[in-house]
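Letters A, B, C and D mark the chains in the order given here, with residues in each chain numbered from 1 onward.
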Amino acid sequence: MMREQEIKKAIEKSTDGATVTVLKKGRILVTVPAAAAVSTLICLKAVGFEHLSAISCTDWLEQGELELVYHLWSYQDKVHLMLKTRLARENPQTVTAIPVFPHTQTYEREIHEMYGVHFEGNPRLTPFLLEHWEGPPPMRRDFQMRDYVKEKFGVEERIS
Amino acid sequence: MSGQTAFTLILPIAFGSAAVVYLSGKISAALRNFLAVFFAAVPLVLLTALYGYTGKIVYYDLSFLNQSLILRIDAFAWYFASAVALIDFLAIVFSLRYMEDKKQLDFYYFAMLLVNAGMLGIVLSGDLLSFFMFWEIMSWITYLLISYKGGKAVAAALKYMIMSIMGSCAMLLALGSLYSTCGTFDISGVAEGMSSATPGYRLFILLLMIFSFGIKNAIVPVHVWLPDAHSEAVSPFSAVLSGVLVRMGIYGFLLVMFVLVRWNAVLELRILGLLDFHLVFCWIGAITIVVPTFIALLQDDAKRLLAWHGIGQGGYMVLGIGLGTSMGIAGGVFHTLNHATYIALLFMVVGAVEYRTNGVRDLNELGGLAKKMPITFIGGLTGILGLIGVPLTNGFVSKWLIYKSLVMNERPLLAFAALIGTWGTILSVFKFLHHIFLGQLPQKYNNVKEAPFSMRFSIITLSLVIFLFGIFPGLPLTVISAMLDSFGIIPLNPTLFGVPSTLGELNTITILAAVLAMMVIGYAVFAWARKARRTDQFDSYGAGAYVPVNRYQYSVRFYERAYEVIGPYIRDRIDEFYIWFVEKAEGFFDTARKIYTGNVNSSTAYIVFLLAVLVILKMWGRF
Amino acid sequence: MDRADIAKTLKSPANWGQKYSLWAVYFCTGCGVIEIPPVITSRWDAERFGVLPMATPRQGNLFLITGYVSLKTMGAIIRTYDQMPDPKYVVGFGSCPVNGGMYWDSYNTIKHLDKYLPVDGWIAGCMPRPEAIFVAVVHLWQMIDKGMATGYQKYKENYEYYERNQREILPHLPKFAGEKTEAVGQTL
Amino acid sequence: MVQQVISMIVLPVIALVIAVFFLGLSRKITARIHRRHGPPLYQPLIDVVKLLTQKENISHGTIFDLGIVLSVAGGLATILFIPAGGLHPLSSSGDFLVVLYLMLLSPLGLALAAGASENPNASIGVSRKFILALGYEVPFLLAALAVMVHFRTTSLVEIVSLQRESLLNWSVFTLPLPALATFLVLPAMLSIRPFDFAGAPQEVASGPLVELGGKYLAFAAIQGALHTYIVLAIFVDLYLGGGANILTFFLKMLAVFFIGVCINGVMPRFRVKQALIYLWKWPAIIAFAGLVIVMWTSR
């Protein structure tokens, strides 16, 4: 737990408004305001978190927020760090992490398509997995999936 | 017209026409084009009339040397002269449209006709002095024609010229030596004189001559001028250059080995008392086949690829001639004609493609043109079939003769070099055909049209010639047989469809019948099955995805997997060596130049120093 | 082959060929394809029924829709089906092509395959066992014998219906070769 | 003369039957090696019938059509020049060198059809096929030259008749090294595993055959079968003494083919580069050694 504590101190020192929790050995949770997310990533990369394995998104409908989780892994310390940040559901916007981790382009593209989060500075927020999608972002919880499905694939007369 | 008249007329017309065409260009372009085609056809017609004619005329007396300049014609001269006249005529017909928007056309046609005249002069000359004169006319005009386009072409032409001058010097040396030995320039006279010469002297003459002709024929260590020259020249001239001009070297080989020094004498020659001269010659041929053919695999420029094949095919001729059996020589000489037809055809095909696509000859940028240019495609296909030597094309018969004689003379390693050269040829010429004519048609070529009539005329004529000589090889082989007779070698006595059964099993008409019958049977079954629906080029398998426009083509690094293995071994090291040599030589001469300071004092000092050295040496001798 | 078959064979060799030489397009649409490797290899040996996997649609005449069909896959399936030469047979494999299966309310998976392509037979189950494929093949033989496996003809006759449905879910699908390919190329 | 005409008609038919039989046999043997039941022996016949009677055929143009016809015609024409048992209808008009070159016609036709199919997979397949051909031709030609030099003839009929005397006259005993080298490259010549990368279904969507369906695929299949026949017949003629009649000839071919299929059944697939290096290493060295020995002894 020594190393985790050192990391915690380092993050708290460099980032304002970050709450760092050491969950257990090898698992750290960091919560930051959306504006500070990228600067925290820079700081974390400097501490040794060289690998961003994924970005996930959760729709907290009741609280009116979307939560982005950056999963980072440090090879030298064998620590998994989750960097959480929250955005408003209405017109969610944040800054891209491409300058820090170039490969986040794909993750951001997917989250943009599925949740409608706009990543400022990502040059390639074009349609990705969905085939000519025109409805609202499908993974949001207020997306009325069954109505949509009924409308799009509705049962009609078939040729037998 | 009697044979004598026709023969007298050929060269004056050939040389005079060049001047007439040049002057007529000042009057009107149409007149010039007409006259160029007309005068290019005249030697062809005259030579047709001269079939089987043998004669000799003295056209100039060199009274101060007590010599006369002679023209002669026999089977040997006739054979090469008709090849020259045919290819040059077709190249000029091809030029009509190909060159239409180029500059300095008067000069171009002048030079083309003059080269033609020069080559006719070479093969018809009956003495070595006129041979040398015509040879130089041809070489210099070639220099002008290669550098016609300017830019990189000038460098290529310079490379050619330097090597050509080296060859000319060697030839001049040989001629001077021959004159002082035999006292005459007349070919038959020299041959008589050589019959009593020592083997060492014969070898000396042969080596000089072979060096000289080998540069023109581009045998491997002295081939480096050819790829640049061929790819930089305009396409119709490339056809002439690769088809017949370069093969003047083969004429020279034949002249020196079979006429001047008789073959019996050549067989006895040893280099350094160890190596059979004719076997060394064969091995040079074998190396000339294998190395350039595999270098051709790497080329992406259509004309450069063909140029390397031009070198490689020259190896077959050298191999056949060097072997010296009647079948081998017949194969080598026949291959010279065949090579002229299909390489000229292929250069014309590239020219037609260039003409229609605004000068694209990078293989990776072309594709799918068979749909737009079917006649040109057929020409290209016939050309590569001939180049590979697929049965029913003329290339097959000559290659078969060479292989057969190699195997029967128990030279399997030479035969192996020749055979594997063929397989290397298949790879690179299929790449040539595939990249230009097959595969996806890029959209930028959607409006490409078929080649114009004058180009199609040349292409179709040459395709027909290829199949004609492939199915009736007896036609040219009869002339070659007569030629062998005049060389004092057992003639081949060919049948119309191959060789007599005592010599080997070859009957082209049976092969033709078999293939045609099977084609008919195959096509009958094909037609019996349900008729096919024609589909678009974009309706192609793309793993369920939609075929991308302009990108669905496999052409770049076509034989990458083979390069990985053979790539390191098939670089053109000889050219690299020459470049290295030139660089080092420049450095050396630069150093040497520093001695000549231009200062009077230092010159005086050198002289004094030299005198001092001489004096010291003199005194040394006294003690 | 029993004796009755010989007479039938001589009467219509074409039918005989179609029946005993079903070449399946090796197209993995979904999870169901995991059942195909055991079917074509040693354990179940589909080759004894004349069923062989083929690499390209031009060579195949049996199209197994193995599992759920997402919208993106649907485009590829339609294209592959169009490229197969007649006669061609489509067999829906698993529950998902029948009615969507466990993806019955998914926004990105088609529910009824036969709205978009004529299906000659279904294999129900999630997953069906490899043996089910052989049952389906034998059924298909019987249908071919009776002249009932006519999906490809139905597709031609009712092309407007199928095309309308296809356009409904895939409005941007280029139907014809070369059509709009560049537009698709940009978005892909 | 009459006999010759009869054999001219009979030989292609026999060759087709043998070729299609071999195709079925190879599938059966491979299945048994895999411990499968396998298709019936006549399965290739069903397949060809199906393909020929397909209700729709898709063409990519005239070159595509003619190329595929040429590939079969070339194969059938080549067969007439190869002595098979007592049948050698056209051997007097073409020797082994002619056969070597006639063998080019059918791959060339297929390559033209593949090029005309406007599909890069086909082009990749052709490129691989040609590279493979370049690979196996080196040892094959060396070995074939050894045979030709040993018997001092290029005629296949004479080569066969010179081996006829007794079992020990077979080249496989008199020229063991060239025979071994040719046998080592036989899988490459037949394009079976480990050298089947040219038409690999998994990598390049069956290569040159990618756009062939219906009658085109039937023709390609027949061409492949004929090619198998030609290669085996040449092997038997060169090294196993041909055959006194068509039956012994067939049995010898069968024996060679059986071994080839067994290799096919258990081998994985080479990469192109590996194949080239293999072919130019041991088979080429062995064939070269054989050739040198022949040159030495024939002096």
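Criterion: a contact is a pair of C-beta atoms (placed from the backbone, for glycine too) under 8 Å apart; a residue touches a chain by one contact, two chains touch by 3 or more.
In this text, all values refer to a predicted model and were calculated from it rather than measured experimentally.
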item	value
Of C-D and B-C, whichever chain pair has more C-beta contact pairs	C-D
Innermost chain by mean C-alpha position	D
Cα-centroid distance, subunit C relative to subunit D, in whole angstrom	35
Geometric centre distance via CA averages, subunit D-subunit A, whole Å	60
Computed distance of Cα centres, subunit B from subunit A, in Å	70
Interface hub residues of subunit C, defined as touching at least two other chains	56-58, 75, 83
In subunit A, residues with contacts to at least two other chains	none
Overlap residues in subunit D, where contacts from two or more other chains coincide	52-58, 205, 210-211, 214
Chain-level touch network, classified as line, ring, star, complete or other	other
Pairwise chain contacts, counting only pairs that touch as defined	A-C, B-C, B-D, C-D
Complex contacts: residues of subunit C adjacent to subunit D	1, 13-14, 16-18, 20-21, 23, 26, 41-42, 45, 47-48, 50, 53-59, 61, 83-87
Contact footprint of subunit B on subunit D as seen in their complex	12, 52-61, 63, 65, 68-70, 72-74, 76-77, 80-81, 90-95, 97-98, 100-102, 104-105, 108, 111-112, 115-121, 123-124, 126-128, 130-131, 133-134, 137-138, 141-142, 145-146, 148-149, 152, 154-155, 205, 210-211, 214-216, 218-219, 271-273, 276-277, 280, 291, 294-295, 298
Touching residues on subunit C, where the partner in the complex is subunit B	27, 56-58, 75-77, 79-80, 83, 174, 177-178, 181-182, 184-185, 188
Footprint of subunit C on subunit B - complex, ascending	535-539, 541, 543-549
Contact set on subunit B toward subunit D in their complex	368, 370-371, 377, 381, 385, 388-391, 396, 399-400, 403-404, 407-408, 410, 412-413, 415-416, 419-420, 423-424, 426-427, 430, 433-434, 437-441, 498, 501, 504-507, 510-511, 514-515, 517-519, 521-523, 525-526, 529-535, 537, 539-541, 543, 552-555, 558-559, 561-562, 564-565
